[in-house]
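The following pair of complexes shares a single chain, chain A, combined with chain B in the former and chain C in the latter.
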Partner chain A sequence: MKHVRRMLFSLILISNMLLCGCWNYHDIEKYSLVLGFAIDRNEQENSYLLTAEVLDFEMSGKEAKPTSKLIESKGNSVFDAIRNMLKLTEKRLYWGHADTVIFSQDIAKEGIIPVLDLIFRDAEMREEMHVVISKEKTAKELLEQQTMISTLRSTEIDRILNSQGSLAKAPVVEAYELINELEGEGISAALPAMGIATNAGKKTVELMGTALFKSDKLIGFIDSEETKYFLFVINKVNRGLLIQNESPENQMNKITLEIFKTKTKTKPEYYDGKVVMDIDIKTEVAIAEMETSMDYIKDVNRSKLKKDAEASLKSSVKNIIKKIQDNYDTDIFGFGMLVSANMPSLWDSIGPDWDHLFKKLDVNVNVDISIRNSALVSKSIRKESIRKEN
Partner chain B sequence: MEREIISTKQGTFMMVIFVIGSSIVLGSSVEAKQDIWIAIVVALFMSLPMLFVYSKLLTSFPGKNLYYILEEVFGKVAGKIISLLYVWYSFHLGALVLRNFSEFVQVISLPETPQTIIIIFLGLVCLWAAKAGIEIIGRWTAFIFPVGWFVLLITIPLSMSKMHLINIKPVLHNDLKPVLSSAFSFFTFPFAETVIFTTVFNTLRNKKKTFKVYLSGTVVGGAIILLLSVRNILVLGVHITTDLYFPSYMAVRTLSIGDFIQRTEITVATFYTIGVFIKASVCLYAASKGVAKILNIEKSSQIVAPIGFLMMNLACIVYSSTMEMFDWINTYKYYAIPFQIIIPVITLIIAKIKFYVKN
Partner chain C sequence: MFNRFKKKKSKGHEVKQKDVSIDYMLTNSLQRNIELMKEIFNSDDTFITRQFENMQNKNIKGCIFFIEGMVNNEIINENIIKPIVISTSINVKNNVIDSILQHVIFSNSVERTSEINKVVESIARGDTALFLEGSGEVLIISAKGWQTRAISEPEGEKVIRGPREGFTESLLINLTLLRRKLITPDLKLNYKVIGVKSRTRVCICYINGIANDKILKELNKRLDNIDIDGIMDSGTISELIKDSPLSPFKTVGSTERPDILAAKLLEGRIGVIVDGTPVAMTVPFVFIEYFQANEDYYINFYFSSISRLLRVFCFMLTISLPAVFVALITFHQEMVPTPLAISLSAARQIVPFPAVVGAFLLLIVFEILRETGTRMPTNLGQALGIVGAVILGQAAVEAKFTSAPMVIIVALTGISGLALPRLKGAVIVIRLIFLLFASFIGLYGFMFGVIGLLNHLFELRSFGVPYMLSLMNLDPQDLQDTSVRVPWMYMKYRPKFIALNNRIRNASEGGKK
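So, the complex of A and B:
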């Protein structure tokens, strides 16, 4: 009898626990996954317009094909806009898989900290989200464009950013890195910019260089080519191409070098009352394309090519630093941060004045390019007669 | 009195998990900023003499736990009063640990679930473990530890690609004062919390190795905390690390290798659960040992259940918000001084004097 009573008691206890229901019971069918979202600002109403791309499935034959839908919603704060989406959908949205967020230029010009807060604070949204600035009028336009290969717009944007490893034409910044740059001293943020381009008659989204920030406000853009040299300075280049004119007179024939390995070491130096940045770029390249009859594989010509490439990389890097100093005056290279890390006591005295100093900062650039190989071919394509001439 | 015996290995592992327990997730002290690693090393050195005191206490009275020693040294009445203080300390600490865990769960994943439920479920397991005795806890630790530390430390090489050495510079440029203050925080939480083991380690099989167990447990635990803290700073940077409530969780969250190793933060949460379970169980065990000794109850396992339920109650009401919890962590370092430093040192001195007078 005692046994039965004990059994009964534990049964009641267990079913109490199992049947009382759960608070955070999440049914996957009741959720839609958000892939990415765009935030715009409505000036007149002083509200945010949030556009989320939501994963959807389309039956084609027997297979389900992933597609996406856009949901727009307004709100007084970003979170308000997110919750207001429940006015439109039966399903709650799940934000843990969103990997791209696009800010409009308006928001970026006003300051991105207010909209970043939710991404940082919310437990569901992830800090490694990619942040993109829209070069168009609104941010949601980008999500409305057609995709190229993937069927999901945000996923494709995310993949484009991830493949910058072999192109090096946009800084890839995750939300937490951005916050670190915004909070840190002696560094300004730079984010990838995207805009609408026409590809084979259809509009689609393209990377268009870098958006420059001063504190948390957008102040300008630089194009993709300049971005590459900017990435050289901050040591974010993995792979990429260097294109070399054969000579200043001959702009037609170009030699393309593919970067295989590159490393930039930046060191601040302090000479008689002035800070100088020493930038050392060591690059390993291979000859990937030669549009010329000149044999650059030969020893003498190769060292000429090496010298030319070094000189042009050096001047390009110097130019971009100069341009940023003159036109934008924002330390996106993090030179100030390097000074504060390596010469903390000097930084204490010059730190407050850094904005002023950055503009006149001297930069030494040293470039060392070594040519590793020339792919499959040991010569250039040319007539036998020219071959004898060389 | 029931006789329980734990091996040196079990004792060490228990200590390591106890030390890492809640510190792995809570960003305990932020004052030192990028010099946090110096603070932890200093704290480890600061705790060495205290570890010596704790183990000396135990080896002076082989086979006896702290409550027995207190009565022996201070006499029946005073000893019982001081014992009561230690009962409170371990009881309170256990409750705090449970509450830390439930706050963590609520903040990161279950915002709508009442914390009471989380506390009850984990508390029941702790209660069960403490009732089964230190032997069972020890054996369980020896079983889970090898898996646990591997999972915990594997995240460090995996996040290597996201580390930036510049985050830890400049070294010691800010004043030494915040570093020392941080070091003291680390000393009281978690290193000197091992004072609770003075009520447990009388069960060690090899009494001579008490100090060795204390030392290796704290040093290994400290080293793991050191590695994880440095990892957090290197990955997230100083600003974010100091902004966050749970930096370790976030640092692992950013980790992704290819498309297949990602969202690994659950490993941190899992290890934290293990740590909290061990820590709360040991605290509960220590508290019920003390109550049994004060009230002259033969079997301490009889009173584990009521104390355990009281502990869960205290855990539910001890803070009203997450902010309050993190405020308390700053106050805790002063609150813990008598339990961790003053009473053990005085006890040891009086015990030694009495010993010499007797001879």
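So, the complex of A and C:
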């Protein structure tokens, strides 16, 4: 009995060791880490052009300084292009640390599902990779531009996207979220768009709003400011700024409000055979900067500022929804998904017709802004003459 | 697992010792007896024979035997030879030996015997044997006197707060040190003799009513089974009596401090003090005792809990760090954060050896340094530091023999290993096995190693007590004194399994709450 048990035990042990997927000892320096890559499409040849930014080291004395190099490779499929890179490099490329993928407009217009498949299927590539759409002609151009601070282009793009939390001017979408949106009913994808800009004499990469999709095809772009209100609707704003004119008459003096906490609740309602979306935005802000010397500690002034801010945020949000409905007719807000989640039976009947309904969907926007504080000061800097007046 | 390899004692194999009583018999003739003793101790120049007779009655002849250097000359001169030589009151009519024992000799410990074996052994132990004309019996007078080391703090178990005394090489001094801590007639001290040639005296100490009788019986049985020529240190005995003799883990505790021994006896453990060594043994020994220090009970419980958790953490670190590191950089590169992956990759450019080979080599180098440090004379210590730190560390990295992260990992491994000096042997073995596993199949292999280790630890027993005592039954009472120590006022019970009957150890309420 004891022998049988021992045999069984060693059998399980050995088969476990041999059958696991980890039989691959590979020293880290034998790999080239891919930091990010761009995919372009060559229409004439019907092939993909893959440009990978690969970690490289500059040996300066005893120290190895990380820099990067671009490797281009063509192939009939994305994976073919990846494998073809072995024609060029001695080291195997390692894709587990690639955190950005850039698609060209061409690919996006044709549909991004075919190129996303590899990222989704492959064991090495991460599904939390950031997906970016190039606003330029090709995607590889973005990787060719200079960096501002770091030495690695893709890493910098990744960090720009990660710091959108305190700016809220681009949707940050990871590959798995994109795939969920593409597969989901009643929602369309929206991806951050990036283009080339010249900054302080350097040609570099900048975030330029949002790329809008219908199904998996690119249909247009909206700019950064519009993106912010789009993010308000889908409840993706963390921090950010709201710029408010002092009054409709005085467009010169601006008050900057910093968002500390904001929450958007969207609920579909069904009246008289019509679907209405109720959007409730609750925002907590603080006065961060003032170009005027108005005393906002006073209740009257403060409630006026609150009302103005609420009104302008409300109209901006309404505008962007209207714009999307009229110009692009793609449900990037996921209203359809909300209907299907809240009223499944209704969705069964109106779902097939949603594209048509979305265009004419009524939207109620309620904004509630509460002003929390005015940072470290209660009074603005005032000229003496004004003080005397008061 | 390791029990399996224990061989059964084959019959016919035993250590032989000459039994003097077969060849020699004591007689009534002093002259014959002297010749006999000289024959037994022939070619031993330290064996001293001193004959004398009474001033008045020349018939009262005597002779003492002792071994030079092991006796107190003053006692022999003043209390044995002098009284016999000058005494006038020796009653010759009756038994001379009785009269001398009762009226003449000034000594607190005299034994009367006619067994030649006993006489020989007593002389060898440092007693003085008095032979008298016309008597077949011998008086064994205790006049031992030799130099012992002074009581000092043990080098290996230093404390900041706590008693500074440590055991010495003398069994009797050690027993007095223990006795002074536990002033109760319940403290039982039983002698045993182990070692056919060394005849080492061993003392089993326990507190009657707290110690578990079954463990005591088992200990006695195992000690009786020892059949060896000599015992130089308690380590030999502990290896001979421990459970799972091939396991790298100790199942017999050891300490050089009387306060630790006394505390363990109070918990129901049984101590064994061996003559000739300052290291006393305690049984049963459970795993958590590796992480306990006597100071933990004397200082603030928050601090001692932190120290204990640190020791446990160090143990985990020292066995798993090289394995996990190698697994991460050779199998699971995706698990390393990208910036770290970049800097690791940068550090490892042009390093000639694979990561696992580098790790093995550096670990071995560290062990070499440690071993040299223990064995070499202290005045060479500086040279070792220079060689270790500068040449092997810095220069090896600069010469690209190895990478800086690997040196850091191995140094951290080594340092955390030093936090647990008593676990040293086990740790080295486990660490290398884990590293080997990890180098084959990454973290998966490492986990196999961990499972194997836990299996082994949970399988171990020390004198019938589960080795992972406190982890097997998650009873809050038993967990009080494990990887944390609760305040004394809450530690009311002795550990289960060890002290079976008498479990309440502390009923004090603590100060004002």
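Criterion: the second predicted complex is superposed on the first by the 359 of 390 C-alpha atoms of A that agree within 3 Å, B and C clash if a C-alpha of one lies under 4 Å from a C-alpha of the other, contacts with A are read in each partner's own complex, and residues count from 1 in each chain.
Throughout what follows, a residue touches a chain if its C-beta (ideal position, glycine included) is under 8 Å from a C-beta of that chain, and two chains touch if they have at least 3 such contacts.
Since the structure is predicted, the reported quantities are computational estimates derived from the model, not experimental observations.
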Practice prompt. Would you check which partner chain A:Arg126 touches, where first means chain B only, second means chain C only, and both and neither mean what they say?
Written response: both
Worksheet item: For A:Ile12, is the partner it touches chain B (first), chain C (second), both, or none of the two (neither)?
Response: neither
Worksheet entry | Winner by number of chain A residues touched, once chain B and chain C are compared | C
Discussion item. Quick check for you: in the superposed arrangement, does A:Ser340 touch first (chain B), second (chain C), both or neither?
Written reply: first
Practice prompt. Considering only touches as defined above, state whether A:Val4 meets chain B (first), chain C (second), both or neither.
Written response: neither
Worksheet item: Which chain A residues contact chain B in one complex and chain C in the other?
Response: 22-24, 126
Worksheet item: Quick one: in the complex, what on chain B touches chain A?
Response: 107-114, 117, 166, 169-170, 173, 236-237, 239-240, 243, 250, 253-254, 256
Discussion item. Under the definition above, what is the set of chain A residues touching chain C in their complex?
Written reply: 13, 16-17, 20, 22-29, 31, 33, 35, 55, 57, 59, 62-66, 94, 96-97, 99, 124, 126, 155
Item to complete: Enumerate the contact residues on chain C facing chain A in the complex.
Response: 329-331, 333-334, 336, 338, 341-349, 351, 354-356, 398, 439-445, 448
Worksheet entry | For the chain A and chain B complex, residues of the former touching the latter | 22-24, 123, 126-128, 174, 176-177, 179-180, 183-184, 337-338, 340-342, 344-345
